[in-house]
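Chain lettering (A, B, C and D) follows the sequence in which the chains are written, and residue indices restart at 1 in each chain.
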Amino acid sequence: MRTSAQYYKDLKKMKPNLYIGGKRLGRDDVRIRPGINVISVTFDLAQEPKWQDILTMKSSLSGKEVNRYTYPPQNPYDLLQKQKMIRLLTQRVGGCIQRCMGYDALIALSIATKEMDEKYGTEYHERFMKYLGYSQERDLVAACAQTDMKGDRLKRPCEQPDPDAYLHVVDVRDDGIIVRGAKISITMAAYADEIIVLPTRALREQDKDYAVAFAIPADWDRVHLVTRPVWVRKRKAIKAPFPEYGVSDSMVIFDDTFIPKDRVFMCKEWEFGRRLALLFANSHRHSYSGCKPAISDMLCGATALVAEANHIERVDHVRQKLSEFAGGAELAYAAGIAAAVYGEKTSSGTFFPNPVYANVGRRLMGETIYHEFNILTEVAGGLSATLPFEDEFIHEKTKPYMDKYIVRNPIFSPEDSHRIWRLVEDLIASPMSAWYQIAGVHGGGSPIMETITLNVEYDYESKKNIAKYLAGISKELDQSKDLSIEPVFGEHQENY
Amino acid sequence: MRTSAQYYKDLKKMKPNLYIGGKRLGRDDVRIRPGINVISVTFDLAQEPKWQDILTMKSSLSGKEVNRYTYPPQNPYDLLQKQKMIRLLTQRVGGCIQRCMGYDALIALSIATKEMDEKYGTEYHERFMKYLGYSQERDLVAACAQTDMKGDRLKRPCEQPDPDAYLHVVDVRDDGIIVRGAKISITMAAYADEIIVLPTRALREQDKDYAVAFAIPADWDRVHLVTRPVWVRKRKAIKAPFPEYGVSDSMVIFDDTFIPKDRVFMCKEWEFGRRLALLFANSHRHSYSGCKPAISDMLCGATALVAEANHIERVDHVRQKLSEFAGGAELAYAAGIAAAVYGEKTSSGTFFPNPVYANVGRRLMGETIYHEFNILTEVAGGLSATLPFEDEFIHEKTKPYMDKYIVRNPIFSPEDSHRIWRLVEDLIASPMSAWYQIAGVHGGGSPIMETITLNVEYDYESKKNIAKYLAGISKELDQSKDLSIEPVFGEHQENY
Amino acid sequence: MRTSAQYYKDLKKMKPNLYIGGKRLGRDDVRIRPGINVISVTFDLAQEPKWQDILTMKSSLSGKEVNRYTYPPQNPYDLLQKQKMIRLLTQRVGGCIQRCMGYDALIALSIATKEMDEKYGTEYHERFMKYLGYSQERDLVAACAQTDMKGDRLKRPCEQPDPDAYLHVVDVRDDGIIVRGAKISITMAAYADEIIVLPTRALREQDKDYAVAFAIPADWDRVHLVTRPVWVRKRKAIKAPFPEYGVSDSMVIFDDTFIPKDRVFMCKEWEFGRRLALLFANSHRHSYSGCKPAISDMLCGATALVAEANHIERVDHVRQKLSEFAGGAELAYAAGIAAAVYGEKTSSGTFFPNPVYANVGRRLMGETIYHEFNILTEVAGGLSATLPFEDEFIHEKTKPYMDKYIVRNPIFSPEDSHRIWRLVEDLIASPMSAWYQIAGVHGGGSPIMETITLNVEYDYESKKNIAKYLAGISKELDQSKDLSIEPVFGEHQENY
Amino acid sequence: MRTSAQYYKDLKKMKPNLYIGGKRLGRDDVRIRPGINVISVTFDLAQEPKWQDILTMKSSLSGKEVNRYTYPPQNPYDLLQKQKMIRLLTQRVGGCIQRCMGYDALIALSIATKEMDEKYGTEYHERFMKYLGYSQERDLVAACAQTDMKGDRLKRPCEQPDPDAYLHVVDVRDDGIIVRGAKISITMAAYADEIIVLPTRALREQDKDYAVAFAIPADWDRVHLVTRPVWVRKRKAIKAPFPEYGVSDSMVIFDDTFIPKDRVFMCKEWEFGRRLALLFANSHRHSYSGCKPAISDMLCGATALVAEANHIERVDHVRQKLSEFAGGAELAYAAGIAAAVYGEKTSSGTFFPNPVYANVGRRLMGETIYHEFNILTEVAGGLSATLPFEDEFIHEKTKPYMDKYIVRNPIFSPEDSHRIWRLVEDLIASPMSAWYQIAGVHGGGSPIMETITLNVEYDYESKKNIAKYLAGISKELDQSKDLSIEPVFGEHQENY
């Protein structure tokens, strides 16, 4: 397994294909460092013995312990551990751990390549498994580039005025393919080793050029990353973990880019566009059942802490509000657990979470994220938006005033009081705030997408049958479909 | 295992101690029949081979297959099956299956009696296990009488102006005890074989006379049941399952009632008042993770069906609303699953659900029940409240008009259209509607009770530690407490 | 002005054309008496000097003081007084005062008849004004029959499989017209003097036969009322105002019914279908800004009272909940006030409320009605659904127990404690509960209808212009359209 | 009336007592310029003839037309115009117009000084009126410094460990007083001419030193402003109004500051602490019924615009969401109108809004602000958080890609598409976003403060009386208290 130092060394070797603030740059730009710090934690904790059960797993490819982020779950226990790993790491960096994207892409490809081969006699799965082995051995970090620019939202890919609105195959050669298009909102692409490209939606036959999946190094030729980093204001005196972490998103532009054959995992199999898109989405929504509870944990903790700083921690409405975090976090976490327990062993061997539970959990968190910021705001008070800059806590004229007045609850020293308010500012009134709010709604699929998925996946007919039976319209009620599903669990687990 | 016919025969033998509408009555009164019909289903389905995995389990007391309602869960799988059983039965009777109360009382007593013995060297557990064996062998149905009249809600039991506001021990004799007080809102007491009495709250030493638990036959001497039955309007021509089911609640009055020693399971052990009350409450809240999803299923199915009757089933806002049922039902069900997977083996051998998950699930359903009625109302339209009586669908003058005008979507015949609207009326505009709304809020603990429980059980400190670490107030973050809990599952299940 | 005694005498003279429970009946049936009691209050209070400013107004038709329910508002003050009258009366009968329907129909017709005449040179307005004078002089009570059976909700009237799904003109004769169809959910038709029929929706030219409006006596030939009365359980000993009041809804069937010419106010003017339907709907939604606050007032008062009976009236979450009633009631009432202040003088002289405010107010209440029941339920506790019948408070064996245990807060006597719980039962667990819930959502237009109306009436363009200006897409921001509207008020009132 | 140029010239003359980023600065610092631009609009529009009815009023002090911000409302029409002025200006600067604070302070002082004189025979009112005349003549801009640092939130001022946690009088001299303490979250203090200090809460006799109100120039001796400016990222090429505006908040420190006698408007009259604090709060909450609707207007407009840019403006759920803005904005605006119509003429002549309506309106907006951001986020999509920097739209290598891919709906040019997304970024993902969210919750009083105010001001007794009457507990229902209040309106306006 790589160390974070090796990871950073590898990044610095890459060709400069980032564009930030009107300049072409390499991976040593200071503005992407907060994102690199986040990914580093996924290496660092995998080295700590106490977390190895959670951060590593034994690969049946190599027989070795590998970083859990490099090997798809094989049974429900792996899904539970994945969820736990994500909650652990997200708590620790105070935000999105980012590496799940690439992991969920690997999971989705492991299944879809097998299924395509079963249907078409292609050889994608073997090709992919080689790539997986390569990637696992090097402990690589991948971004997943799924979301296209999309153009007109009411038109399908082949109907767009600009055919490049969705990424597509423009040529097929013996040694590979040529692709064009752009992917947007691609988190961590700027400091990933690899970029994995997946289709973003269901496709029809006319759209078949848009059915394409592949993986390439992130500094590949004719790949341009237009990157927007997000970070919080640098601290001068009161250093702390939170402001060391951050994120970058990129627009990833493919301008007639060549993709070698052994890196292509789907090419024109349009019937699998929807399947592959949903496999990624549903796996990623399950990942959110680990990270969103951790975001709630952090907001809950900050709310509890600032309540104490205001000395209102015993007030009724504050306690009621704190319990809302518990409700949100644990219902979403429970949905992830249920998704594991009622998951499915696919033909590829990868164990996949139950999509209904993955979607109800993710949707809940997407619906409540702004409300959670609202709670912290209510309890913190207006000071979170009007806190004087750190410099004023340093300047000789103003420091005495700051130290005197920042203390509300004398159990906290002026410095700790200041630290609390500064954290609250970073959480709810910094550039990261908006990023968490917006990613909280849209990352992995906005609530409207989960509703659409549920309207497809959920068995409304069995519910209607209950009504028909109770109304006397049907004489019998067949409940077996809904209720005969066995948990993958307990005495039944020997199958896996 | 008993049949429903035997159950009814046993009921009819009981002494008449019901008071309904100003009369003293036995169990043959027609107004409690809908409740009896509900309980009967728990016997009938246990006889059907296809449901035996769910409705029965092997008792280690007798080595025999017994009704699941008579033997506490021994492992997480039993909890999952309990949840599934409840969802199955609740769907089938279109409402509360009622028998869980007594089951959860048995579960709570199995644990608390053991723990009291461990602490005090009493012999409650053995006594209780005998009672459990007796009860199991006869396949008895028990009501659980927990909620006291309570008097002034801001005063503890011993501070009440009327000492009988909470049920208490008034005398201890060699052969048993004398108790006085009244329990209110006791569902199914009127057609239970037994009544199990539990304390309703945490107690202090001064309250020790209020620490009392026991079980007696429901027609016991000096026990009076003031009963309020609820049922929907009788059908004349279009019979259907739904209107055959209903419920009765009783005020159970103990007026210096003698309880024989072998039926007493707690007597003045005030330190266990809170424990026993919470064991019942939390087990019962876990039961709700089975029944409330089924109530949602039924409302969801009725909404989908009436949407079709209105021919608006494809309309966007209707589909959005349908998906809200999916979200509510499956999040609560997931909470029940998580409560099982992260549950605990108690010293008594009974496997107990994780209280945090049991509470977040139950609270969610208590918060959304009125909203779910709102959705069905919105989709059904005003007709549900203004539907002419069934007689008008029979009377020769009005029948032709009714048959002509009741059809909105011609895929449904006049009769089926009528059946749909009549079901909707029964669901949202009958005496049962209010019962489901109010029980949906308060049964097993209202949202405010779950919030209070969460404020006790949830680990807010570990969340605050995350904030302290990220703010730089603490140097280390110990996440082991939160995240080292192993699921009782997979490779770890051999312990059970 | 009529007295309530005269009103009742007039009702009893009517021909028996009600169908209830399989029988043809007259207006003396006891089941419609609670509705008659409601209407009677609109006569009784008009006789009381202290309420005359509110319940009466001077008619410019006759120069006499008339019941406010018989003369359309002429200025914004009249709208404010209308709103106040409705809140006053609704508080007093503990529910829908019902007479607004006919009043809003008169208001709508006063405007639309004028506008049709202006466009087509018809003489509807004069005809209507005669009818208004007649109706005013006799102080008549009218039901408004707007909602058709509607059939398939996705089809227009002329596309329905059954052409009678919407009421329509089947023949035009010299002396009048013949109509066929049925109107549903027609509140108070069973004890109205008159029935006013209006179209229910926008129409196209093909639908012109469905553009019809008229008024006839409620016992008119070939008019059948299939009536569903709603009332609460009769009291035996503890009489009180609330259970004396109730409501009936009717399906009003027109089976080739002849309508004399002088009673016809629209016949095939399809372009005014939408206008007339919306005039009624928007006027009626303004009426809701009077009645819904009163319903909230009553639920608020009951919640405050039962909180006291539980002795939890000072508890934080109870006070928070009480304030939600204040918010809901007063925001809706404020919307009614704003609708008056920014209303419009129509060409007919009738002063009409601003539709945006009428709709936002009504929608709010439709969205919160179930939540308000939820609050009362939460504060009251489960007893509201399980309260023993009144008989048990009378029977000699059970009375002592009831009297002893019903008291929670000793400031209330057993009888008053009983009265409180009985009222709560009547409010949230009686047949009236569902009626208020469902009417609260759908009466006068469900939330989805107000959303649709707002999407038509609200000036989203002016809002988009703000965004375009701030984005630098347009150079100028013209705010005059939105903000130049003057209130009909203060120094500007001389115009009216 | 001053021009904005004169205002800015006056600012530049002030002594440098701002502290920003560790430096002492004057009013020419570029970071406070966006705030100055906001205030300037209140001068500029007062010069435009088309807005004079709204932005100016005739002062009875001088008989001259003055800026409306310098003269308290005298009748309900003035309150309606105040509300309209605020909505107009807020729309135009895309955010808080800021000048209301000082205006509401003048309004509060005009009333409270009169009432104190009436009670104590003091001469505050005359003194204040002189100050008002002076301020009006010079068209001065004032910040209102109300919120103290507060220390321990559960302790009263005199109980605080640090007596300076609330600002207080430390000495009374013949020519004035000496004060010490700090006020926090004081918007626009950095570019105000004057600072008006008011007490922040109810006081007891022991707290009498904390009962103090006065006004001084913002650069007064021993007054230090620790200022935190907020602004959005500077534009390089696509200039637009929105990024020109912004805000600064200051901590205003008084360190044994001398206040001359003619500037002191309250000194130790502790019984009026609550009154003066609430007069300001309630007047300011009424101001929010003008500005919050404008914020909603802007967010609504941006949502409608970006929906069009995504070409989803006709999609059902988008239209539903747009209508939520209409509901929020117009209910709050209606509450402001009702507060005017049912307002009160005080003994000072100032006309004051009804506090119940002012509070229900403000609370609604405080509860929905985060939700409104949520809606815009949902409709805009993730791009709002990941939009590449403006530089990338300029750099020769990346510009062609940006221009090509930014267009979704071809009715918008690349530049206009870019402008739209940039505005959305500025609105929901810039430092201003958090400011609006947090100010939306807390500015003028957070929802919990309005709930507390309502629990004091709202007549719950009259509601309880309705329940008592309907339950039969009281025989009579006196509705006159609630319903006899006349609107200050129509035929009754001659009094004003």
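Convention: contacts are C-beta pairs under 8 Å (C-beta built on N, C-alpha and C of every residue); 3 or more make two chains touch, one makes a residue touch a chain.
Keep in mind that this is a model prediction, so the values were computed, not measured.
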item	value
Intersection of the contact lists for subunit A and subunit D	B, C
Fitted rotation between subunit A and its twin subunit B in degrees, CA, nearest 5	180
Self-contact between copies subunit C and subunit D, residue sets same or different by half	same
Centre-to-centre distance between subunit D and subunit C (centres being mean Cα positions), rounded to whole Å	39
CA centroid of subunit B to CA centroid of subunit D, Å	51
Set of subunit A residues in contact with two or more other chains	317, 320
Interfacial residue positions of subunit A with respect to subunit B in the complex	50, 54, 75-77, 80, 84, 87-88, 91-92, 94, 238-242, 297-298, 300-302, 304-305, 308, 319-320, 322-323, 325-327, 330-331, 333-335, 337-339, 341-342, 356-357, 360-361, 363-364, 416, 419-420, 422-423, 451, 454-455, 458, 460, 462-473, 477, 479-480, 483, 487, 489-491, 493
Interface residues, subunit C side, partner subunit A - complex	316-317, 320
Residues on subunit D engaged by subunit A in the complex (per definition of touch)	19-24, 147, 149-154, 161-162, 164-165, 182, 184-185, 224, 226-228, 230, 249, 251, 253, 255, 310-312, 317, 369-371, 373-374, 377-378, 381-389, 391-392, 394-395, 397-398, 401-402, 404-405, 407-410, 428-431, 433-435, 437-439, 441-443, 446-448
